[in-house]
Amino acid sequence: MATETIIWLIPLPPLLAFFLIVLFTNRSKWLSHTVAIGAALLSWLGSMIVFFRALAVEHFGEHIFASSIPWLATGETQFRIGVQIDPLSAATLFFVAWTVLMIFLYSVGYHNFGQPKGDHDRPGLQPHGATVSDAHGHTHTVPSIEPMYSRFFAFIGLFAFGMYTLVVSDNLLTLFVGWEIMGLCSYLLIGFWYAKPTARAAMIKAFITTRVGDMFMLLGLAYLYSQTGTLNYREIFYNQEVLNHLAETPSVIVGLSTAGLIGILLFFGTIGKSAQWPLHVWLPDAMEGPTPVSAMIHAATMVSAGVYFAIRIFPLVSAGSEHGMTSVMSVMAFIGAFTALFAATIALAQNDIKRVLAYSTISQLGYMIAALGIGAYVAAAFHLITHAFFKALLFLGSGSVIHGMEHGVLHTGSHIDPQDMFNMGGLRKKMPVTFWTFLIGGFALSGFPLVTAGFWSKDEILADAWGHGHFLVFATLALAALLTAFYTMRQITLTFFGEPRTEAAHHAQETPWTMTLPLAILAVFSVAAGWVGVPEHFPGLGGLLPNWFHGFVGGTLLEHPEAVAFNAVPLLTSLVVALGGLYLGWLVYRGTTAGAQDPIQKAVPGLHRVLKNKYYFDELYDRIFVQPAYWLAESFTSAWMDRGVIDGFLHWVAMVSGIIGNALRNYIDKPVINGIIGDGTANVVRKFGFTLRGIQTGRIQQYMIGALVTLIFFSALFYYLIFIP
Amino acid sequence: MRDPVTLIANWLSGLLSGWGLSPGLVTVIMVFIGVLALASAMLVLDIFLVWVERKVVARFQDRIGPNRLGPYGLVQPLADVIKLLIKEDIIPAGADRLVYNLSPIIALAAALLLWAVLPISATIYGTNLNVGVLYLVAVGAISTLGIIMAGWASNNKYALLGAFRTVAQMVSYEVPMVIVLMVPVILTRSMGLKDIVDQQVIWYIVAAPLAAIIFLISNLAELGRAPFDLPEAESELVAGFHIEYTGMKFGMFYAGELLHALTVGAIFSSLFLGGWRGPGAEAFPIIGVFWFFLKAFFMYWVIMWSKYTFPRLRVDQMLNFNWKFLTPLSLVILMTTAVLDKLLPRTNMLVYSLGMLLLNIVIVLVTLQILRARAGAERRRVAEPKPAATPQGAVTASQPPSGASQ
Amino acid sequence: MTALQVVFLIIAVVTLGAALMVVTTRNLVHAALWLVVTLFGVAVLYVLLDAGFLAVAQVIIYIGAIAILFIFAVMLTRRVASDNIPQTNNNWGWAALVAVVFLGGLAWVLRPWQGFSTQASELSSRADPLRELGQALVSPNAYVIPFEVASVLLLAALIGAIMVAWERK
Amino acid sequence: MIPLSWYLMLAAGLFSVGLFGVLARKNAVAILMGVELMLNAVNVNLVAFWRYRTPEVIAGQAFAIIVFAVAAAEVAVGLALIISIYRRRNTVVADEIDMLKL
């Protein structure tokens, strides 16, 4: 089959799965998840075929796979949409296919497929386990199956469709369509257990904040379309005179070129979607959703989609950058670096296992944005892919840890939070596979030298930062890397090392194969992915493997970005930072016992409280946006505007018309119309009638007299008039 | 000398004009004298009639009648008149005085007025009205009026009832009389009585016997005598409209009635029996007078004869007889005579009369035939056995009528 | 003043007096009887006008039938003790005025009419009005149609009167 | 001889007396009598005009005859009506017969 048709077909199976499940198979759980996983397999297969065919093409950057159809008649021209696979989208397609498939598989185990129905499980709440009595009579509770099992698979099917559309699309509009579908699915999946009030609040929060970003993005798209008349990648990003035209023409906002303004507006979309600094508040709360969701949305796909979009519009952003960084790139660099450091610091003070990972995701995304900001296009792409693998691994690992802990909680019947790290400890003996894969993921995240993929991509970014002379960015990123290593080790030691601090931890069990297999596969990728982009002039390993990634992905840009010269300083700093952080983390947290307080909190209670409360950003936003919104809604619009002004006006109008009506009635209607015209004429007629009534006496003789009198009168008259003269 | 009356008349007018009266005045006086003479003659005759009436009635009833006073009771009427004159004249309370006193006068006057038109002899006649016949009818109407006034004025229910009956009878019988009266008019082509009598070389009784009979019958009803004497049927209404009249007023009524009867006889004779026509009447008008009165008294006798033989008729019989038999018959006669008159040649009166006679006989036969058929149907209807309560009728309503005959 | 005029005057006075009595007497029967007198007067007038047949017809029709009908009607519709109340309704003043004005008007209109005082012309001796009348009434080119219509009218009136006065039980 | 004017004046007098009778009398029958008088006045006029104006044309008398017929018919129907009203309403006073409804 032609590659283009395959590309067209890649997004469709998950959509088909979604409709099949929703409309037909939602009653049987087994059928639903088979359909969903089958669809994911099909898409994965299509993606692999396309990827390897892309690899086979020489200089794939120039002759890419693309096909488009006329979709919308806009005036005389036809707006065309289509699919396009160029090196960047090929690479993204690769990691997306893998992660989506792994998550589909993982969800089957996570939602306790095969377990008995819960005693008093209600749809919309987490399953609370079922009491089972085994052969010789004594009962114990076992985790129960998720009541809304097939609904979950339908939503993630729709989500996969959104992601695939975004990746394969050849223009910004279908990208935006995929973008919005994912937004919807994140909303639906975060609030999967809609009976929990916190889940409901989180889903709305996520949806609104991403919408803020999307609104600016839409403005940017519209402005771009109005300037260029098209949204196709080829026609904009690979068309130099369009880029130059955009760069030269000044935009509405003084000081910014059109390209700059559009860049900033579009970048806002990324900030919202990838939870960068101002709009990051929704991502930690999104942990309310089930773990596969968090993994999929907040590690592999959705957030990385934001970065993919930023990479896609890089040519526009960097248009006119011959004379140094454009304003947009400096904004990106600043936000990226700041978010990286900022999120890392918060991650230190989090006790919930998933929340730590959420903040680490934010900081890693900050890394990629900062890389783009300083022009390191290939490094950003490379870090995007590697990060997707090991972050998905970490999330799924934490999911299996939580699943194990729930097992223990049900077993002991104690009511403790299975996600709090301080209730865990010593799980390496209980859950060995999860431990090892989690360890590999952790090391990859913190950039353990040479072995893990994280090291190569992060090092690449630091090298670029140093190479291009952005020393401030370099310093912040290095510090962030240190903190990343520290909280990763904190997490690992708290959960796996030491002795089980609670009874539940004591009874935690290993999760079934459907969950541990994906962990293993992802672990392989977390390691193998790094070797693809080893720089040539790296001391020692440099020449062994060709820097394939740089050649391949670099091809997507018009002119190839040249690799930066080797320098020892970034390499050394990344080594020191990674190993130092890990050692420190293990050192501080190895002795924590049950009920012990967090050492940092002991050390710097004030700072710890601030970090714990996420710099009070939620409260800040609450005060800045939510309260004013409520105030606006409550007092301003409804009280003042609606009731006061509009109702006031209406009442005033009513009052005035009432007055006018009364005036009309009293001064015109009653006296004039009723009086003179109405009753007046009536009276006249009545009087006239009365006088005439006299004639109608019924006496025949009076009639005769009347007739004769008139007869005489007229005859006399006529006689006098006619005969006499 | 053949006509002493005209002789005297001419003498008198000569005398008067001799006195230098203006001719108009003379005629007025002459007319006056004529009227006076005729009226007084009639009134005197009237008194004689009372005697005649009582004698003939007695004879009919096989008794002698008044014979005490004077030879054969001739003075009896005088005695009656004197008795009536002496009697107290009572006017009922509440009676309408003017009308009460006027009605006897009218009754008598009506009878007298008739004579104005009758030609007593060739030269002696009141006046030759060209509408003589109609005059007769008119005067008849006035007598009706008189009776009503009498009935009304005497303020007596029976009188009023009697008056109503009389008027109803007279008015309804007037219709056939007037129609039949037209037959002689058709025969003589003129309404004047003088012309009718002059034409009657062959008496009209020969030409129109049926008309004569109908005329006689209807006139009997007009008089209120004989079979039709309902008004003063003694047994029912005491004396009819002249109950309250006593003394001479009653006398006038009684005399009026008798005179009217004689007048009817005279009219009949002049219309159908040739009036004064008789051998020698042409030459000697005075003999005409004799023939005239002979025929008149003969008819008077016939009237009295019918009075004392026929039983009284019931009111509905009387009215039915008139409206259902007499009127249609008279209409038929009038129509046929008019048609035949146009057909028959007038040159030879005998042929003409015989034709008319033939017509009358045919009509009589036809009417008899119709009567016989109707009578037969009536007899059959009466004789038909009326079924007693038929079994059908006895069945209760609930059961269907067809099945219950066993 | 010739005799004829004297006779005429007498008759005129009698007729008009009777007419006045008809419209003024309280007792209706008297009114009817006075009507008879008036009709008789009119009949005599006809005789004066050499219309003998009309006179007799007048007597037969009016006095013989209509007057009697009136008397019958009066008797049938007599209400007890209603004879001596005034028989004229309350607007007789107006009626009198209208009648007088009418009379005056007619007189006033007739006065200037030149034919007003024509003298009676001698009747040609041979003319026989009765015959002429008879023929006029039945000859097609004269008055047969009105004559037939009058007969139909009389028939209709006859039936109508009976129907209307029929004593419906 | 008697001039035509006398007849006309007599007829006019008779007519106006009849008119007064019609307008002033209370009893319906009396009204009809008034009407009769008026009709007679008309007849007198007709015959008078026949006699004085056109003796050779018999129209006058023919009309008089027709008036006779009409008068007779009129009286017959009129009295029938009055009698039926009397039966129904027990009154013959014209003023009391002022309702079209029976």
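A, B, C and D label the chains in the order they appear, each numbered from 1.
As a working rule, a residue touches a chain if its C-beta (ideal position, glycine included) is under 8 Å from a C-beta of that chain, and two chains touch if they have at least 3 such contacts.
Note that the structure is a prediction, hence the values are computed from the model and not measured.
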item: Contacts common to chain B and chain C (chain labels); value: none
item: Most distant chain from chain C by Cα centroid; value: A
item: Chain closest to the assembly centre - both centres taken as Cα means; value: D
item: Chain A and chain B, separation of their C-alpha mean positions in angstrom; value: 140
item: Intercentroid distance (Cα basis), chain D paired with chain C, Å; value: 6
item: Rounded Å distance between chain B and chain D, as computed from the means of their C-alpha atoms; value: 32
item: Centre-to-centre distance between chain C and chain A (centres being mean Cα positions), rounded to whole Å; value: 123
item: Residues of chain D engaged with two or more neighbouring chains; value: 19, 22-24, 94-95
item: Residues of chain C touching at least two other chains; value: 2, 53, 57, 65, 72, 89, 91, 94-95, 98, 102
item: Touching two or more other chains - residues of chain A; value: 699, 701, 705, 708
item: Each pair of chains that touches, named by its two labels; value: A-C, A-D, B-C, C-D
item: Sites on chain D touched by chain C in the complex; value: 1-10, 12-30, 32-34, 36-37, 40, 43-44, 47-48, 50-53, 55-56, 58-59, 61-62, 64-66, 68-77, 79-84, 86-87, 90-95
item: For the chain C and chain A complex, residues of the former touching the latter; value: 89, 91, 94-95, 98, 101-102, 105, 109
item: Complex contacts: residues of chain B adjacent to chain C; value: 24-25, 28, 96, 98-99, 129-131, 134-135, 137-138, 140-142, 144-145, 148-149, 152, 160, 167, 171, 174, 191
item: Footprint of chain C on chain A - complex, ascending; value: 699, 701-702, 705, 708-709, 712, 715-716, 719
item: Chain C to chain D touching residues, read off their complex; value: 2, 4-5, 8, 12, 15-16, 19-20, 22-23, 28, 31-32, 35, 38-39, 42, 45-46, 48-51, 53-54, 57-58, 61-62, 65-66, 69-70, 72-74, 76-77, 79, 86-89, 91-92, 94-96, 98-100, 102-103, 106-107, 110, 115-121, 123-124, 127, 129, 132-133, 136-137, 142-143, 146-147, 150-151, 153-154, 156-158, 160-162, 164-165, 167
